[in-house]
Amino acid sequence: MAKIVVDVMLKPEIRDPQGEAIAGACHRLGFAEVRAVRQGKRFEVEVADADVADADALAIRMTELSAELLANPVIEEFTIHGA
Amino acid sequence: MTTRVGIVTFPGSLDDVDASRAVARAGATPVPLWHGDRGLRGVDAVVLPGGFSYGDYLRCGAIARFAPVMADLIPAATDGLPVLGICNGFQILCEAHLLPGALTRNAGRRFVNREVRIRIENGQTSWTAGYQPGHEITVVLKSGEGRYVADQRTLDELEASGRVLARYASGNPNGSARDIAGVTNPAGTVVGLMPHPEHAIDALTGPGTDGLGFFASILSALADA
Amino acid sequence: MTASAAGEAGHGLVTAPDTVALAARTPDRAQPHAELGLTDAEYASVGGLLGRRPTDSELAIYSVMWSEHCSYKSSRVHLRQFAEKAPPTTSLLAGIGDNAGVVDIGQGYAVTFKIESHNHPSYVEPFQGAATGVGGIVRDILAMGARPVAVMDALRFGAVDAPDTRRVLPGVVGGISFYGNCLGLPNIGGELAFDPCYSGNPLVNALCVGVLRHQDLKLAAARGPGNQVVLLGSPTGPDGIGGASVLASASFGGGGETAKRPNVQVGDPFMEKLLIECCLELYAAGVVVAIQDLGAAGIACATSELAAAGGTGMAVTLDLVPLRDPSLGPAEILMSESQERMMAIVEPGALEKFAEICARWDVPATVIGEVTGTGRLIATWRGEVVVDIPPESAAEGPLYQRPLRRPAGQDGRLADDPAPLADAARSGPGLADRLRADLLALLGSPAGADKAWVTEQYDSYVRGNTVQATPHDAGVLRIDEETFLGIALATDGNGRFCLLDPYAGTQLALAEAYRNVAASGARPLAVTNCLNFGSPEDPEVMWQFAEAVRGLADGCLALGVPVTGGNVSFYNQTQDEAIQPTPVIGVLGVFADVRRRLASGFGAPGEQIMLLGTTAPEFGGSLWASVVHCHLGGRPPAVDLAAERRLAEVLAGAAEAGLLSAAHDLSDGGLGVALAECCLTGADGPARSGDGIGCTVDLGTDPFTALFSESPGRALVAVRDGQREAFARLCAEHGVPAQPIGFTGGDELAVAGAFSVPVGELAAARRGTLGELFG
Amino acid sequence: MAKIVVDVMLKPEIRDPQGEAIAGACHRLGFAEVRAVRQGKRFEVEVADADVADADALAIRMTELSAELLANPVIEEFTIHGA
């Protein structure tokens, strides 16, 4: 069983009010060293070994999956690990 | 002197007006408490109302837990001050570890606004003394993160010690463990409830008056004390 | 235009800051006016009125302010009719031209309401597009000095099973739910319709209503030279730069979508909630001279409109604008559409108090300039003047009388009468079974289906004043607990009727919203509208638009309800394919005592059911023709606005006298659908779809027409026991035909001599449709 | 400027309806090889270099921040990268 991790973050130019609010909370809590926070999503995808020919094929499939479903290409970008 | 019930307004609190109205309907004096102020203005009990405190960014209630007013509320609640957390207030009480467990995304993944029937399981807390155990009432559920979760041991303990306050009685609307709609601390003073009794105090604007009992209960609980 | 052109144009504005002095010295420098959406003639006229070429910042201002979206340049010549044909009224405190119309409802209270589109952004990024649409209209209402108290949403999507709809609908509903719920505004109603014409062009129209005391009314006019210009709310970022002209006004077509994608604005409802409470506290403290929301065209729009309305000048220092992205240049700062911002005019002596209140709400507030007596809008950046214009020239914009042409296919459409289909349906064997099957088909169709999948995602209870919400005919709010004044609101539109006849179709939409308000027991008082059309550069679309506006203006005059404001959304088309003309009409009504409102469901068994109004065999554009035969043609039902007015009188009178226990208007699907809805809706409580009460009705010799015709001007009522005579008298007094058709009770909807359906089966037919499609 | 990444995932015993729904969607989209998906959060925290004494101090602070604010220990667990 392969575990693939897909990290999805808002594109840098897209505003992240959620991250801004968290950064504000960090400061109120005394974590003054925090300059900025951006919040994204992390997907852990389990793939059956038997179902994928090789690492390259897996990487291609996971890229497809991320672009189609896990990330919203209009506002997000993704990176894949472990494939 | 009338009973004074504090209603905390966090940035993003929404049902604070409704909670105040319910407190007044029950015959107590609502006292506004501001998130950024220290001190509890000598209130006899506190309601943490529904809404989206601090936008509920991160996790519901996670940021509100650290508000200045909470620095006084948490020790007071530990010492026996009655506190009712409704919806977001329940989430805040869990985040503050005044109540066990946590509230997570609904099993159906969408926000649910619906009238629900709940069964009062414990009629002895400061906030439910006016209800008989087993009494079913209609209130309003409106939340996106209302699924109560806790580990098996905690759940078993809650059941064994009668700390399950109320359960959903007309289907489980959000996937909460064991249909739990609300829980209480061991003393029966700190209570969290996911649906909104304050929206069920007037047949004109809600599904009836079943929810008034929560606010009437605290009055009699304090009068008896 | 292409992606790179937009990008380079934007980029050029940053890297080469252009000043008024430079513009005077370099009259011939080429500027990207076409990429910014200005025609050659418009560009030339900017040069003419400035007496030199514009600076890049000025060009940015004119390009957004003169866009269709901001300037109404194609629609203004038509919209004038709303004023010219306005019925006499004393209840309008502010009207067209202000951020939103304001209506006196008595006892010192006023109500302000408006509906606005966010169609294109909701197609590009459904969640954020719809969310920021709600945010925008709420700020409009807030800017009038009112507390926003509720929202509604009128939604239209492509075919229900189209992949596009599957992407767009859940996102749009999620965005409205996220923003509205987080803001603490109850959602009290709306619409949900599907038609393939909206595929690629969904309509997302959001309405907000607010309440204020008369003396709290704020108008967006910068008066008093020396007064300070304060920007409050979120910092300014690169969001939606050029959005007003590029995103909101350009039609989609081959590959253009990707070019616009970076222009997504992200909403922060939490900040908006703080902004609302902060502004209300500022108003209460009396420290606001004037205020304007920042929407399309951001600071450019707010500064020029405030100064133009005040007949003053304004000087702002763009370096003072708090930025989220320090690389923004002056043109971008002016054009940014960052959300959750307002601009206030404040007397210098009140600044301290103003700042104190903002600090309490954690709302950033910054003085960026002051009101002047120069009659010029001047902006400086890094010590240089980058804008120096007469503000009204930006605020007013050009005016076009676009060519009109009655569509070539119009006669063919009208001639394609569904009467033969109806004749066939009426005769032949198995009528009873077919009637039953057709009724269930209508109830299971996306248009007739239960909307709970959508509406359950909306909080309808917050603030505790919601008397009725979905699924009642109108949303009903209590104004306060002392006076029990109340208001009712409904929105309606019908693209099918409007395609067949935009004049009549618009009046039908108006009549339906008016009737929905009346059916709740309120007295209709005022109108808002959102006009969704294709490209104004297409003469056939422009004809549809002109007819719709004429129909609405004439209709409002006939009904005695003024148009108080609205919004025009053009360019809803994919290449040459325009949407059906879709004016969405919102009607506001008032209750002297909201406890007298009427529910739209049966509340008790054994009550007499009456059908009010006249039924003719009218099937053109009907739901029956659409669902059962995929047919769209013929004439829409004939409108009789005098009859609508009489019906409304009867309903309001009966509500006030307590004669009725329920009233429900007849619209899509006719009597059959209305009866089923009455059985399922129940009597009380918002958002309630109880177990239901059945009924038995006798529909005479032509049950087919009785069940499915969509003749307007009709309503179904349940008369309280002991009030039948009084009600009959009231109907007679107003000349409203009233026909007893049966009684409530039992657990079936039974049509005597034809068929019956258990209430549970009605519910099942309506329930599954949307859930199965959208998961 | 140091960039710290904090990954927060639901504890394995807590049900993740979001992840389940995504796994279902994967199958409908033809990604039959996907066995399971879990969705978590990813925080990118920017910390000013000048504000932290050394890497160890930074790691301690970020652990505090994560345990107190970014994750709810009742239902979530976290891992820190880049500190």
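Letters A, B, C and D mark the chains in the order given here, with residues in each chain numbered from 1 onward.
Operating definition for what follows: a contact is a pair of C-beta atoms (placed from the backbone, for glycine too) under 8 Å apart; a residue touches a chain by one contact, two chains touch by 3 or more.
Since this is a predicted model, take the numbers as computed values, not measurements.
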| item | value |
| --- | --- |
| Comparison of B-D and B-C (more C-beta pairs in contact) | B-C |
| Rounded Å distance between subunit B and subunit C, as computed from the means of their C-alpha atoms | 36 |
| Distance from subunit D to subunit A - Cα centre to Cα centre, in angstrom | 10 |
| Distance between the centres, which are taken as Cα means, of subunit D and subunit C, whole angstrom | 41 |
| Cα-centroid distance, subunit B relative to subunit D, in whole angstrom | 29 |
| Where subunit B touches two or more other chains at once, by residue number | 54-55, 57-58, 62-63, 66 |
| Junction residues of subunit D, two or more chains touched | 21, 69-70 |
| Residues of subunit C touching at least two other chains | 268, 270-271 |
| In contact (per the touch rule at the top): chain pairs | A-B, A-C, A-D, B-C, B-D |
| Residues on subunit B engaged by subunit C in the complex (per definition of touch) | 11-12, 14-15, 17-18, 21, 36, 50-52, 54-57, 110-115, 140, 142, 144, 196, 198-199, 202-208 |
| Residue ranges of subunit C in contact with subunit A within the complex | 124-125, 128, 237-239, 261-262, 264-268, 270-271, 324, 338 |
| Sites on subunit D touched by subunit B in the complex | 10, 13-15, 17-18, 21, 69-70, 72, 74-75 |
| Touching residues (chain side subunit B, partner subunit A) in the complex | 54-55, 57-58, 62-63, 66 |
| Subunit B residues touching subunit D - in the complex, by the definition given at the top | 58-59, 62-63, 66, 94-95, 100-102, 104-109, 147, 149-151, 175 |
